[in-house]
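In the two complexes below, subunit A is the common chain; its partner is subunit B in one and subunit C in the other.
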Partner chain A sequence: MEIIGQAFLQLLTPQVMLIMLGASAYGLAMGAIPGLSASMAVALVIPIAFFLDPVPALAGVVTLAAMAIFAGDLPGALLRIPGTPASAAYVDDSYLMVRKGQGGLALGLCVICSAIGGVVGALVLMGAAPAIARIALQFSSYEKFWLACLGLTAAVAVSGGKWYKGGISLMLGLAIAQVGLDPVSGQLRLTFGNGNLVGGLAFIPVLIGMFAIPEVLRYALAPREIAPPPIQALGNLLSGVGSTLRRLKGDVVQGSVVGVVIGAIPGAGADIAAYISYAISKRFSKVGDQYGKGVPDALVAATTSNNAAVGGAMIPATVFGIPGDSLTAIIIGVFFLKGLNPGPTIFIENALLINTVFMAFLIANILMVPLGLLATSAFQRMIRVPRYMLMPAVLAFCIIGAFAVENTHFAVVTMLILGLVAFVMEKYQYPLAPAILGLVLGPMLEETFLNSLIRARGDVFAFVERPLSMGLAALTLVICVTPVVMFIWGKARGARTA
Partner chain B sequence: MKSVNLFGAGIVLAVSLAALMPAMAQEWPDRPITLIAPAGAGGGTDATARLLALGLEQQLGQPVNVVNQGQGGGVVGFTSITTAEPDGYTLGVIYNFAHYSPMGQGDFDAADMTPIGQFNFDPAGFHVRTESEWANITEALDAIKADPGAYDIACGGGCGGSWPLAFASLLDAYDVDLSQVRMISGQGAAAALQEMVAGGFDVVPSSVPEAGSLIESGLVRGLAVFGSERLEAFPDIPTLEEETGMVLELGAWRGLVGPAGLPEEVTAKLAAALEAVYNDPEFQSAMTDRGFGLRWRDAADFGTFMAEEETSVRELVRVLGL
Partner chain C sequence: MQLGQLGVAGGFGLLGATIIVNTAGLAPVAHIEFGPALFPTIVGWIMIALAALAAFDAVRSPAVEVGASEEEPPEPLDRHRIILFAVFGAAPLIYVALAPVLGFLLTMPIIVGGLAFVASGKLGRSILLGLGLTAFLHIVFYQVLRVTLPWGVLTNYAGVLTWR
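So, the complex of A and B:
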């Protein structure tokens, strides 16, 4: 406990406080601009971090990461452009709530739940990192394959409407994920001899294009000013949040646990965590059929989960030097740069410094409440801008964002074409979220499946030989089979009573 | 007022003349330089590129902007470097690339680049699980030679990458039947090491610092490092030469290049700037702190090295059937 106090004192210098505030502002701005991801924001400050002392440098970097992930919710809710893939699961809900005039509640929930998830992630990181890391390390490609399958079942939850349309959308996402180099053999697929397609269709441009472009096109085809939803005063942002959270406290707990656990498994991450939390929440919600149409219940678990996953991903990274995703990889790079080498002895040899860094991460997540609310009240003015000005600006943002993240002109073409595809899909009521889920899970599913098969020399039973993989397989099967059994049973009962 | 107008007109004239003058007439560099890293933000190539950019900025007096193009395992970035205008304003930090062309993934080779200098080399390490039955590298190599198909070897990323090819070169030198060896690709060395600890792989060739934390925690052992001397940070891991008597230097390298046909005066100026950056103690400590090895080859040596590696890698890719 004493070391926690010392760690806290390390942060209480004017220099560290100023750097954390600066990093917060920078992180919020970068995260809120579509296409500028948290990873990019951190990579850009590495040359600056190089000249700082270890404590301010590391505190600044973890603050920046926490803020940027949260800020990805803002353009999603306000413009329907998810700032990060992790925000895509619930973008329709938050966007529709803003349009319905419930913007204060939607954004307030995003801020508070992100902060709660982040704080839980930080506390687990400080308290139980070595123990959890050992478990996370035991996930082999068999377990990860089942985890990806489990993620695919979430497609049902994010579909809404006709089940087969959700299925077609999911298949489209999986097909898009196949473009480019085969992850196992390195063969080219679906590139049609086009060099631009070798690297596959870039994820962020696809994401931006599919969600934002249909909105722009719909407006362009039928320009119609709608009364802009009211701006909420800073104080009002929180009204209703308290009672909603009291009502949905189970979702907050679920999101935190799922986020930390999925985040800690290398190769999974915040986006998969958000989808799984969303699916679980919908399954047990009384208003499950309203999910995807703009209900507060849909937001809570998923937005808690993606922030909890950031802390979760730091667990195997600090204990074993194995980063769970690209953002964590960059943060670990800064750790190395500052002589804080990850390893199990980090908590003994560098106890003060690592606890200081975790403490900074914890404080950053608490700071997220006031700073996030300030940023929210600033950014929400965007929705008051008349749509004839807003829509061209959204289009411009999409183009800049797509280019900025990939540094290729082809990314802009990708973004526009997928935008057209999504426009047609939505016109015929095909949901977009399953396609994004397919895009997230496709590479993981394919790689873990093929590599496992190669290793098992084609023996499919190897997929259920390990206790952990058997458990995950059983869980996946139960989730898939239960609805069918229930349906048949219901039919049979119906027939008997008739 | 008139004099002011004339003065203004003079400026306009001067500016438009400057714009009309061909870039070559002026002293290179007179505008910012783009440094392409054929890798995503956050990886090793990105980190070294950013350190290098910082040093080159001080040497050349112009901003050097790092642009990440990691798509297609780097193919997109390499294509941008090799097809750029050879005016000295687009340069690239490159690494082992010779496998892309024979594997049909990319259409560029050493002749498409102007070498400026190599600044980094990281020897590959031979990593196994702690419980592995092999006590040293000789036992491991003998076992693999006796039954090449019995072991699962991780490529880290794609099987044409630096680490798997270093490993394949070693097996080749040890007369192992490469066509039988099972090499499995994945999502990078860190993921492969984790998979090995979970029971997945028998061997993971990678840089030693990448496995450092797992070695320290007693979950992974390093049997040998493929360099000429032991690594300062890992003094317990013997070199290949000590253990087997084979003199091989295998691993990943990084260097600075421009597109083919860079003007000679630009190359000379760049080579001098790069050498100055390399010899700067601040750059050296930044590289070693981050776990990157230092290795210098000047433009001529670097060019010869790239050409030699191209020949040997083509042969390996053919034998491995990649």
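So, the complex of A and C:
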């Protein structure tokens, strides 16, 4: 408890509080603008975090992530366009509520439920992460290797679409991570004689390129402006929220639990958690056919869940260094940039800092209530920013962000190339999340793989000798093999039917 | 056959092969049985295998790519969109080419204002956006975060245009 108190005190400096407030405003604004995802919002701000001390940088980034996920609800309710993918599950319901004149209740529920989910996620994170870390300290390189494999295969399995495209995306991330010096012999690889690549491809330009540039290019190909709805009086946002939540307290609990659990599974982020919570809530709803037609029952569980998932995803990210989704992968990237290695030892070597980050995440979710309520009416104006002004501004941020960290023009070119690659990948339904997880986990995977091989003197069976490593290997194998078997079975069945 | 999908799969297959070829020549390390090429080779071969699967699927699929991208415009690309795509795509390269010569303070308004003008045709707003955003970025990155931005032809005026 003493360390929690110290962590709280770390946040009480004017600099940190100012940065958290700024990050809140930025996260709320970016999340509220349709088409700008939470991942992109965080990626664009990393160049600024790079120049800050670890506490304000990390506190700002986790605050921003929490706010952006919540703010995605706002354009969903007002425009029927989810601000972030995490809000897509219940966008029709919130929009229909606004059309019925229940906009105040819909947005009030979004604010309060997001805050509840976020606080639950943060509390579970603060309680569970150090406990799991104590167990994880016993892990050898074999278990670490299988954990990384498990995280990556799970990311591919839940990425949606065709599994082999997720696999290719993952391999691309691993390939990018290999550019530069080989960790065993120190030899140059995949540099093609270019001196700029000796240190590897810089993380920030790659991230900015993959998350922001495709959005800008998509706009360029389809430069349509979104017709804003007339500004309407939303009334008291808290009116009716208390009674609705008392009636739907089961949904709040369900959303929180599902959000934390699903969020903790590598690859399954806030959007998947929201969809699952929505489906469960619908299955057990008492409103029958009215569900999905603009009733609060359809909103509560899912909007609680997507914010709880952010805290859940932080558990494997901080304890094992395995991010739960692309948003957490970027946050983990900031840890690395600040010279911190996520993993069980961070709870010993940097206990105060990691607890400060958790505390910042908790406070951010509490701050969400006043800030979200205050800012909701302002969002009706925010979503009116024309895209012909927004997209050049985003591109300018990309350019200066990529340049600022490396101070080379090569970083700008890297950002553009990776952006074009990501644009093509998304056009042909290749998911980007596995590539980002591969990029973050690549060095750890290679290091643990080679260390384990050297330790076992080439005996591959040593990888599965310990019971825990065997269990993790079996789980990884099941996740790997299942889609392949399903694919072959599906093709065979299709051939028989034809 | 889906040519686009086939092309992308082919590109990834080629990348896998490049990884294998590029790392095959890495010298082995004394007393370590597994050379530094082992891990990249595994990644390369998996990428080739998966790309082959994607190519196989692309060949067997009907030519119309169902659900290619929901945001893709249904109507054919017109000249304005092609120009817009080209200038947005080229903007980072224009920055790389111009910034060392003109400096950040002159290059960024040209890029931002130019992009906004090409996108909207509204000159006044575009100029305001270019100037305002450049000033904001300069304050945040140069003045506050102490990032070294190129001054170019304005080098002699750097002392006048900064307060730090």
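Criterion: the second predicted complex is superposed on the first by the 273 of 498 C-alpha atoms of A that agree within 3 Å, B and C clash if a C-alpha of one lies under 4 Å from a C-alpha of the other, contacts with A are read in each partner's own complex, and residues count from 1 in each chain.
Here is the rule we use: a contact is a pair of C-beta atoms (placed from the backbone, for glycine too) under 8 Å apart; a residue touches a chain by one contact, two chains touch by 3 or more.
Only a predicted model underlies this, so the values are computations on that prediction, with no experimental measurement involved.
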*asked:* For A:Val120 in the superposed arrangement: first (subunit B), second (subunit C), both or neither?
replied: neither
*Return first, second, both or neither, reflecting whether A:Ile454 touches subunit B, subunit C, both chains, or no partner chain.*
both
*Touched partner set for A:Asn407, first subunit B, second subunit C, both or neither*: both
*Once the structures are superposed on A, label A:Ile168 by its partner contacts, choosing first (subunit B), second (subunit C), both or neither.*
second
*Touching A:Phe336 in the superposition: subunit B (first), subunit C (second), both, neither?*
first
*Is A:Pro316 touching the first partner subunit B, the second partner subunit C, both, or neither of them?*
first
*asked:* Quick check for you: in the superposed arrangement, does A:Ala43 touch first (subunit B), second (subunit C), both or neither?
replied: first
_Contacts for A:Ile208 in the overlay, against subunit B (first) and subunit C (second): which applies, first, second, both or neither?_
neither
*Looking at the overlay, what does A:Leu58 touch: subunit B (first), subunit C (second), both, or neither?*
neither
*Across the two complexes, find the residues of subunit A that touch subunit B and also touch subunit C.*
47, 184-185, 407, 454
*Quick one: which bits of subunit A touch subunit C in the complex? Just the residue numbers, please.*
47-48, 51, 162, 164-165, 167-168, 171-172, 174-175, 178, 182, 184-185, 187, 189-190, 192, 216-224, 386-389, 391-393, 395-400, 402-404, 407, 409, 412-413, 415-416, 420, 424-430, 446, 449-450, 453-454, 457-458
*asked:* Residue numbers of subunit A touching subunit B in their complex, please.
replied: 39-40, 42-43, 46-47, 50, 137-141, 143, 180-181, 183-186, 188, 195-196, 198-200, 202, 266-267, 316, 319-323, 326-327, 329-330, 333, 336-337, 339, 341-345, 406-408, 447, 451, 454-455, 466
*Interfacial residue positions of subunit B with respect to subunit A in the complex*: 40-43, 46-47, 50-51, 53-54, 67-73, 75-76, 79, 103-107, 152, 158-160, 182, 184-187, 190-191, 193-195, 197-200, 210, 212-214, 216-217, 219, 286, 289-291, 322
_Applying the document's contact rule, which stretches of subunit C touch subunit A when the two form their complex?_
4-5, 8-9, 12, 15-16, 19, 22-23, 26-27, 29, 32-34, 36, 38-40, 43-44, 46-47, 50-51, 53-54, 57, 67-69, 71-73, 77, 80-81, 84-85, 87-89, 91-93, 95-96, 99-100, 104, 108, 111-113, 115-116, 119-120, 122, 125, 129, 133-134, 137, 140-141, 145-149
